[in-house]
Every structure is written in C-alpha cells, then in structure tokens.
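Below, chain A partners chain B and then partners chain C, in two separate complexes.
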Partner chain A sequence: MPTKIEKDALTGTNTTGHEWDGLKELNTPLPKWWLYVMYATIAFSAVWVILYPAFPFQGATGVTGWIAREAVVQDVAAANERMAPMMNRLRAATPQQIAADPELRAFAMAGGRIAFANNCAACHGAGGQGAVGGFPSLADDDWIWGGSYDAIHQTIAHGIRNEEDDEARTSMMPRFVADGVLTPAQVNDVASYVVSLAGDADPGQAAEAERGKPLYAENCASCHGDTGEGNRDVGAPRLNDRIWLHGADRHAIARFIANPRMGVMPAWAGRLDPATINMLTVYVHALGGGEN
Partner chain B sequence: MKWFNHAKIETNLILMGVLTLITVSIGGLAQIVPLFTVATTIERVEGIRPYTPLELMGRNIYVREGCYTCHSQMVRPFRDELERYGHFSLAAESMYDHPFQWGSKRSGPDLARVGGRYSDDWQAAHLRSPRAVVPESIMPPYAFLDRPLAYADIAEHLKAQRAIGVPYTDAMIANARADLEAQARPEADPAAFQGRYARARQAAFDGDPAAVTEMDAVVAYLQMLGTLVQFRDVTPEQMRQQ
Partner chain C sequence: MNDLTAREKLKPAGGSPPPDQPLYATRQKVYPKAVAGPVRRAKWAVLIVCLALYYLVPWIRWDRGPGAPDQAVLVDITHGRLYFFFFEIWPQEVYFLTGLLILGAIALFAATSLFGRVWCGFACPQTVWTDLFMWVERVIQGDRNERMRLDKAPWTAEKWRKKILTHAAWLAIAMATGGAWIMYFNDAPTVLREFFTGQAGMGVYFFFWLFTGTTYLLAGWAREQVCTYMCPWPRFQAAMLDENSLVVSYRAWRGEPRGKLKGEGHGDCVDCMACVNVCPTGIDIRDGQQLECIGCGLCIDACDDIMKRLDRPIGLIAFETLKNIASSEAATRSIPPCAARTQAGMQVRHVPKFIRARTLVYAGVLTAVMGVMLGAWLLRQEVTLAVLRDRAPLYVRLADGGVRNAYTLKIANKTREAGQLTLAFESAAPLTLAIQEAPEAGENRFTVNTRADGLTEWRGLATLPAGARVQESTPVTFRLLDARGRTVARTSSVFLAPHHEEHRR
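Let's look at the complex of A and B:
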C-alpha cells in the first residue's frame, strides 16, 4: 500500500507514494485527449459489433445486414452497368472496326494498356519489348504467328502450346540431338549456317557454315524456309534476321537446336472478357508492328 | 474514483487472480470460440484437395524462403482486387494450409490466383533471375532452387499434416514418394497419381524431367494456387459463409 503520497511542489502533481533510495515518481495522469480517444474507440467498437458481422455464427450478420462478399458483388455489378454501353460496343465490334472508330479506339488503347500491364507485361515486358528466354517482342514487325488483327486476336484468345485450350496454336520443332537426328557436331555446323543466314557470319566459322548448309536444307528448310524466312503457319520464326528468342550468341542458338524449349503462352479467352481481348488486340497491333 | 482502487487489487492475491482469469478468458474465448464454428465458416465448395507431395514440398520451400514476407495469398473482396487477381479468396481454399499464407504485406503481387497465369518456363526463369524477365523487379533471385530436392522423408511430412487434420489417406502416405516423382516426370503413368489427387498437373516444371529439384516443387506449388475451385460451378449458397 503506497503510504507517502505527496504533492510535488514544482508540478503540483501527486507522487506514486513509492520511494527508492530517495527517488520518487510522479503519478502524472494520462493526457485527457488520449483518454477520450481511447474511450471513443471502445464505444466505436461496441457500435461496430452491433452494426456489422462480428460473430462467427449462423445468421450473425449485424443489424445493417451488410456482408463484404455481397457488397463487392454489387460494386462489380454497378461498375459493369456504368461501363456497359461502351463495353457492349467493344464486344460487338471487330478489332478492325474498333481501330477505325476514333472514340472506340481511344477507349481500347486506354483499356488495353491497363489489361496489358496486368496480364501480359510479366512475359512480354512493360512496353511489349519482350525478354530473352523465349518471350518475343510485340513492339516490332517480326511476327512468329502473324501481326494482322485476326492473327493477334487468335493468339491472345487461345494462347500458344498450352494445355488448357484445344484451339491453342501449336507446333513442335524436333529436339535434334535429344531425339538423335543430328550429332552435336552437326548441330554446331548448322548453327553456324543459321548465324550466317542472319548476316552475322564469322569468317572463322566459314567451313562449319558450309557443312551446315546441306543439313539445313534437309532438316530445317521445311519449317524455317529455304532462306530462313520463317513460316507463320507453323510458328517457325524467321532466322534470317538478327532477332533471336534466346539470345544472339551462337552457342545459345546451337543449344536451342539441340534441345529446343518451345514457347508457351496461356489462353486468355477463359480469363478475360471478349471486349478486353478486343482492346488488347488493338493495343498490341498499335505497339509498332501491326500489319493489315 | 473512490470505489475503484488499484492498490486494493494489487495487494489482494485472490482478487487479482480472479480478475486476471476473467480477463484472460475473454481474450481466449474470442480466439477459441470461432474454431468451434469452422463448419459454418468454411464454404462447402467442390474441388479442394490436400496438396500433392510435390506441392507440399514446394509450399515448405515457399515458407522457408519467406516468400510470404513480400507476397500475400488473399484476394480481398474489393472490386479493384477482383479486377486484378480474380475471384476473392474463400476460407475453403486455405483450409489445408498449416500455417496459412494469407500474409499481410505486398511488396510483390498477391499470389492466391497465380496458378496457370504464366507458363512453367516463365515461373522457373523468373525465380532464377526475376530481372531477366521483369527488368524493373525488386524480387531477389532464387537460382539455387535448381538443386536436388531432399524428399526421403516425404511420407513423414504427410503424416505430420494428417496429425493436424489434413485428410491424407493411408494410400496417399504409402505412395507419397512415388506420387512426388510421378508429378515431376511428365512421362510417368498418371492413372494412380491422378486417382489420388484430382486434376493435379504432371510436368517437368523446371524444364528438366531427369532430376527432381526444389525448383520443380516450388513451380508445381505456384501453378496450382487458386486453381482448385471451378468458380463457374459455384453457387452463391455454397459460397455463403454464415
């Protein structure tokens, strides 16, 4: 029991009554504003418990009847209704029609930019610049599957070599060494030839490239074309440019031929609204390489 | 306030003991009572199954590496979150999580629905070197995950999960090792494995079917997150929590 409570002369506040070796402690009351804020929060929580769902029991929803899950469904429905006039037009139009109508086009470019940042940028880069490792640039005119509105729309809606969509674009380049079609030395030769197709021939590798030429004609031309011009029907990229999916290094190219890792892209038709896919098509087409 | 005197409580052991008990009980009840009502707070949706052995190992690595310090796994019921990530998270979706990975901080995006959003190749490339695919990323690289997975004790992991309420069957525990290997090898016979774990994907998740690596486990785990419930088939009644 504290016995020696005394008034401190300097501050006018009582001490706690304890004393340790002559040291006394002031019993300063909590600031009034702090105390009242605390009482207010206690009162607030009591009101909250009555108004909103606070107990995990059947039917304990609070007197407002508010439920987060139902509120968000209403939120989404209200927003969809607000956007419906424009979204319905974007859904009904083809990408070509959207691009031709300035109002729709402006809307599609804004919406497409957001949808691209959310769904595509991780693989294709924030500006569509792509990434080494098999993720192609969408901002150039070097298309693997095609750069027309229809081709881009088809690629986005169904994806590429995925397991989820039966209409996904698909094709397989043989695993030339892993499947025993070519020896590692032959792959080296054909890689040198491929590099020379792109105009990056290394004089030191002229002999290899010469040996690789017939191998190319025999094994590769059917998909990549006689001069390496590529074939969009089977998604075989152009080889006679300096744009490479897995890096321009000759060894990286040889590694790819020996045991290719085929690019996979998810299908978006099941995830995104048809209007969003139309907006994305217009957006990607406008990134730089769109074709007619 | 004359009637209330701290000094009285502090000098009376029994009074202090009784009041402490009352205070602690209130706090305890607030935490314990909801556990008795789990049956009504977890939605009755179809499709939720325990993690496959490989996914479970991936989850362990996810916890070990502290991925939850930057990533949440909880899509909250707000419109902006639904627009970005998809359907809000259900309690049922983390009912076999011990401990749950809801998280409380998002330096990176929410991962509750990341499954299937990207390819296995992207996931592995991104974990090896995030900045190789996302130049502006601040995520640390996890290239060391390409080392072999230690899974000799996988059956024990399943048993431990069963002890805390995850419904692993005897067959699942007996075949844990075989199931783990089957999932990481696309050419393995799917019948038995798929029979135990519905709609689980088999793939060479890290790109190499030969060895089972930690990368295989983490990618298998990431690729199933948020994919078990088919929201197209869920009725509002099933989703109603209370």
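Let's look at the complex of A and C:
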C-alpha cells in the first residue's frame, strides 16, 4: 500500500501507485456521470429482461409477451394484407392476361421468381436450367408437355405421374428389356438409330442404325413419331433435337430404352395459391422457352 | 522522485489505490462569463448563419415541375431520392454524398492545420447550440457571478422561477431543433401540419423526440463534457496541427512571471483570471496546448480587454503559431520583464507559413476530389441502361443446336418525362436478340418505353444459330438511341457459348 500519492513530474498527474518495471500508471479519473451511464445501461437491461424474452427456456417470455416468431407471423400477415388486392387480381386473371398487363406482369415476375426459388429450383435449378437425369430445362425451347401458357399452367397445377391428382399428366414408356420386348442387342441398334435422328450419326454405327430403324418404327414411332418429332399429348419427348433429358450419348440412350425411369412432378394446385401458380406460369414462360 | 526510496514505497501496489485517490472525478460546473470583442462577434455571426441555415433551409421552395417535391433540400427516404436544389440523386448514386463527406473531412483537416480547431470553436453544432443555451441561461439567470450565487442559494421561489424558465426555454429550442430535423426528410409544410394534428408517422415523432432530447441533454447539460470525454476529434487533432498552425496560445514569454499589477519584476499577465472565467470548457489557456481547448478564442477577447484597460499592448493571448512562440521565447530569454521585452519578442515573429507540404497535400486532395465529383456530375447520365446476364444457366442449348443467353435489361429514366427509345444490340457474332414485350424496330432493334423518374425492366434473349462458331465469350453491346439516333446510354456485356468441341456435339 503506497503511503503517499506521487505526482508524475512531466504531466503533473497523480499516479495510481501501480508500477510495472518502473512504469507507473497515471490516475486520470473518469467523470462520475460516465459511471452513472453504465449503471443506467445495467438498469435498462434489467427492465429489458422483464419486458422481453431473455432466457432460453420454454415459456420464459417477458411480461409484454413479445416473441420474435410471432412478430414474423404478424409481419408476414401484414405483407399478405398489403399484397391482397394484387393477389386477387392475379387470381382472377389468366396467365395470358397477366403477361399482357405491364403492372401485373412486373408483380408476377418478381413473385414468380421467389416462388420458383422456394418450390421449383430444387429439381429444375435456380435459373430453370434443369439437370441431366430427368429434370427438364425450362429455359430452352423444347417442351415435353407443351410450352404455352395453358400447358405450363396445367403442368404446374396438376403435376406429372403423381398419385395425388387425378388430372396429373401421365404416360408410361415400356421397359423394353426388363419386360422382354427387345433384346439388349436390339436396344443398342435402336439407340444408334435414335442418335442418327438427331443428326449426330456416327458412321461406325451405320449398320446398327440401319438395323434399328424397323425396330424403331415398330416399337417407338407410335409415341415419339416417325421422324422422332415427339408427341406432347402423351409427353413423349422429341428425339430429333439436341436436347436430351437423360444424357446425350448412345449408351445412356440404350440404358434408358432398356429400363426407363419416368419423371414425377407433384401437383401444386393444393399446395400453392392459384395466384402463385399463375405467377409461376408467367415466370416459367418468360424463362426463355415460352410458346404462344 | 526518482530515488530508490521513493520508488520502494510505491512498489507493492496490491491492486487497490490509496483511499484518498478517487477513481471517478466529480464534474466541476463551468460558469463562463460574458465577453465582448472581435472573436465573440465572429462567433455570434457564425452562430446566426449556422442556425439560420439549419432552421430555414427546409422552407426554401424549388420548382421541379408536377409530380416532384418542391422542397429545395429533401431526403426522400420512402421514394429513394435526394434533392438538393438543381441536384437530384438516386440511391445508387449515393457516392455523390460520400464525395461530399470526403470533401468535408479533408476541408476540416486543412482548416485545422491552418487555424487549429476553428471547427470546434466556431461551427461545430455542439458549440453553436451550447453557445445559444448559455446565452439563454445568461439572459435569465445573469452572468457568471450571479449564476454561481444562484446555484449556492437556497431553493426560493425566485430560484425555482429562473431555473424552470431556463429549462423551458432550452426545451423550446431543443424542440425547434428536433422539429427542423424531420423537415429535411419530409415536405416541411405538410409534416408540420401532420405533426400538430397527430397524423405524422411514428418515425417522425421518434426522430423529433430523439433530436429534442439530445439537443437538450448535450447543449443544456453535457456541454464541455461532450468535447472532453465523448468526441474523438480532440484526440486526433494533434496529428493535424504542427508548429505552423495558428492556434489559441498564451505568450508565456511576455506574460511570465505573472503577478499582481502592483508587484515588481512581473510580466504582462496580472493573473486576473479573465481568460479562465470566460472559457466555455473551464480551462486555463496559460497551461499551454491541451485537449480540452476547443480553440474558440474567447480568452483572447477577455485578455485584450484587460490589456487595453492597463494600457498594455493587446495580444498576450492570441492566435499564434508554436514556431513564433518558440522564436519569441528564444529572443527574450535574457531580457527582464518590460515593454522592451514585448517589443523584442514581437519583432522576431514571422508571418505564419500557410503554404507548406501538409497544406499543399490537403489542397491537392481537395482539388482532386472536387475534380472527380465534378467529372462524375458532368458525365452523369439521365437515362442509364443496366445489363444483367443470366448466370444460371450460363447458356441454354436449343433444340436445333443453337445457343442462347438471357439478359435482364433495366432502363432507369431520371428525367421527369416518360420517353420512347430504341434499344440496339450489337455484336461481331451472328447473334439475334429477342425481347418478349418490346416491338421490333429493325434488325436487333426494339422500341422500349421508359417511365418518368422510374425503372423499366426487359428480358432479352440473344440466340446464336445452329452451326455458327463463336468464341466461348463474345463481347456484345446494348445501346439506347433517342429519336434522332444519338446514343444516350451504352452498356457492354458478353455472350457465352460452350467450347467448340462440346458445341459440335
């Protein structure tokens, strides 16, 4: 305990008496009100703890009863109320009408983008680019079930090959090898022919393709068309283009003919608001592939 | 003090300070005395100009045509516009504001290196409002001695009356201050009417009370405590001052040794404490440069007044450079206090060196920033075109083997009139652009409408026909043309395609 207060010669300030290796600490006292401000903040926090939830226990809400989750619910409700007039208009209009009205269209594009990210992007990709393995691209100009506003709306609302919606689009390609319709060698021949339909024929496979041609006419043309032009009524994809849902090479095509995997899409009519489905229709149509 | 025994005594501190050493300082109330003189007059002038600007600017009208606010200075948060007379900026142009802040900062550095803390002493809102509040206090409660007496006096009806009147006046000024603040963010006449009819928004009342409260607290109660304990500026001002800066200084070479007027062998300082009594931060300028000094120069007026009465030359306290103080000090060291000493000291002074490396750098930076801002303003486009290329997917393969890229085009029209422009798409590659909602106006040209003071958005699809070969990345240009075919906006982007080998397949 120091017996007397030492004044620092240079600054004229008292030292606290603390010393480290010959360095002494100057005592420059804080103003008292500063201390009181700290006490005030402590008092403020005590009030806060009483008013608002501060402890991580179930039921430990403050006396105001304010809960962050409820505040979000209220915010969402308020936002929905604000959007209600617009949503009503979107519900009443057809996708064509929405696309023709600049105001509705701007709202639908913004809302559609969010709804797409929330519900569709998991399979179809953030920008609707799709993915190899049965998730079609929505940005290109090839449609399996049709790319008009009505066709897109129908697909979104009722889905594809799901069991929940009676109006779901449905069709089935036979499992040609598993069901014993074709032999593996015949499937290879058909695959070579299908590749040649797209204009990518490999000269080395000309004989195979030639053998596959009658097999195609017999087994495939009824759905996929004589020249591979596809049939949207039964969701049979076009084969004479450069877009492949399950891989572009011959072996991938042969594997698929042997044992096809049919894509499934849920029906969104019960899950999403009709206005949201309309917004999604307009948004998907605008991604790049929309047809009139 | 440095002998071993003294240190030994202090050594084992044990963490607790001596009992008579408080860790917290009780505030010493400052009772600044009224003062008259040229510095005080300058301070009043600055105060009147600053307050007049602050309270009146929101009421200046400026016609911008129908549909636009007619307030000269307005920060329209709701609509994302900032208006300053002929100047109007959108949120994405907030760099103009940043530029102004940079200019303000550099100008502050320059002023400080030339004249010390003139900002603190004359123009800082804390100083201006404190000065105003002190004036109110003085009018109601009297000057320094009367106020000190009043504070010590028992709580009589008269004391209550004076104190209540003072605080009421302070609150009235504070409310006017908070009230003026909200007018910079809302149409002044409208918000004033809404304010009194209770129709104004929560935000308006919140900021009104916030600024009312801070004005009342900071200018009425906290005062010099703000400058001494809260403000960072006194801490780093030392880095801007040098020996050539004109700062409020006491000419110790002339005043010391200080002493009573009647005494023998004394300098010019008669130790009358006039400089201390007028100081708004309650310090003694004769202790030299200190962080509490806000450079207001009121001590100069106080001292000059005394010197005139004593028939001595003024300027014992003055705006002076440390360099001159040092030369005068050196020149008068051997002369005893007399009129000749003062003369000798004043003779060796030099004109302050205003042009020096530091000030030239500040001037250069100021000029450069102003040049950049002026350039940015002159090159500012009234119609801008933003092109956002889709990134997911990078490109789309089409059924016939062609490749397509998608772009979101945003046209911002900063004028007050809707217009019609032609959007032209140019590229060295055989690309074709399609825009879903815009009518075509020739090859790769579209007619697009713009919204007055608003954005229009379009989606463009650029297609490379099957079989055409391009680089993986091809530059493309979007151009907006007016009716006479002049380019009003131009934005570049790229068209991405798969690598040739992949492309072929």
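FYI, the second predicted complex is superposed on the first by the 214 of 292 C-alpha atoms of A that agree within 3 Å, B and C clash if a C-alpha of one lies under 4 Å from a C-alpha of the other, contacts with A are read in each partner's own complex, and residues count from 1 in each chain.
Note that a residue touches a chain if its C-beta (ideal position, glycine included) is under 8 Å from a C-beta of that chain, and two chains touch if they have at least 3 such contacts.
Not measured: the values here are computed from a predicted model.
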Chain B or chain C, by number of chain A residues touched: C
First (chain B), second (chain C), both or neither touched by A:6: second
Touched partner set for A:71, first chain B, second chain C, both or neither: first
Partner chain(s) touched by A:125 [first = chain B, second = chain C, both, neither]: both
First, second, both or neither for A:238, with chain B first and chain C second: second
Which superposed partner A:221 touches (first chain B, second chain C, both, neither): neither
Partner chain in contact with A:252 - chain B first, chain C second, else both or neither: neither
Partner chain in contact with A:18 - chain B first, chain C second, else both or neither: second
Interface residues of chain A shared between complexes with chain B and chain C: 1-2, 125-126
Residues of chain C touching chain A in the complex: 1, 6-7, 9-18, 20-27, 225, 229, 390-393, 396-401, 404, 406, 436-437, 457, 459, 461, 466, 505
Chain A contact footprint on chain B (complex, rising order): 7, 11, 33-34, 37, 40-41, 77-79, 82, 84, 86, 88, 116-122, 125-126, 132-136, 201, 207, 239-242
Touching residues (chain side chain A, partner chain B) in the complex: 1-2, 53, 56-61, 68-69, 71-72, 75-76, 79, 118-119, 121-123, 125-126, 131-135, 162-164, 261, 263-266, 271
Chain A residues touching chain C - in the complex, by the definition given at the top: 1-7, 9, 14-19, 22, 24, 27, 29-35, 102, 105-106, 109, 125-127, 129, 137, 139-142, 199-200, 238, 241-243, 248, 286-288, 290
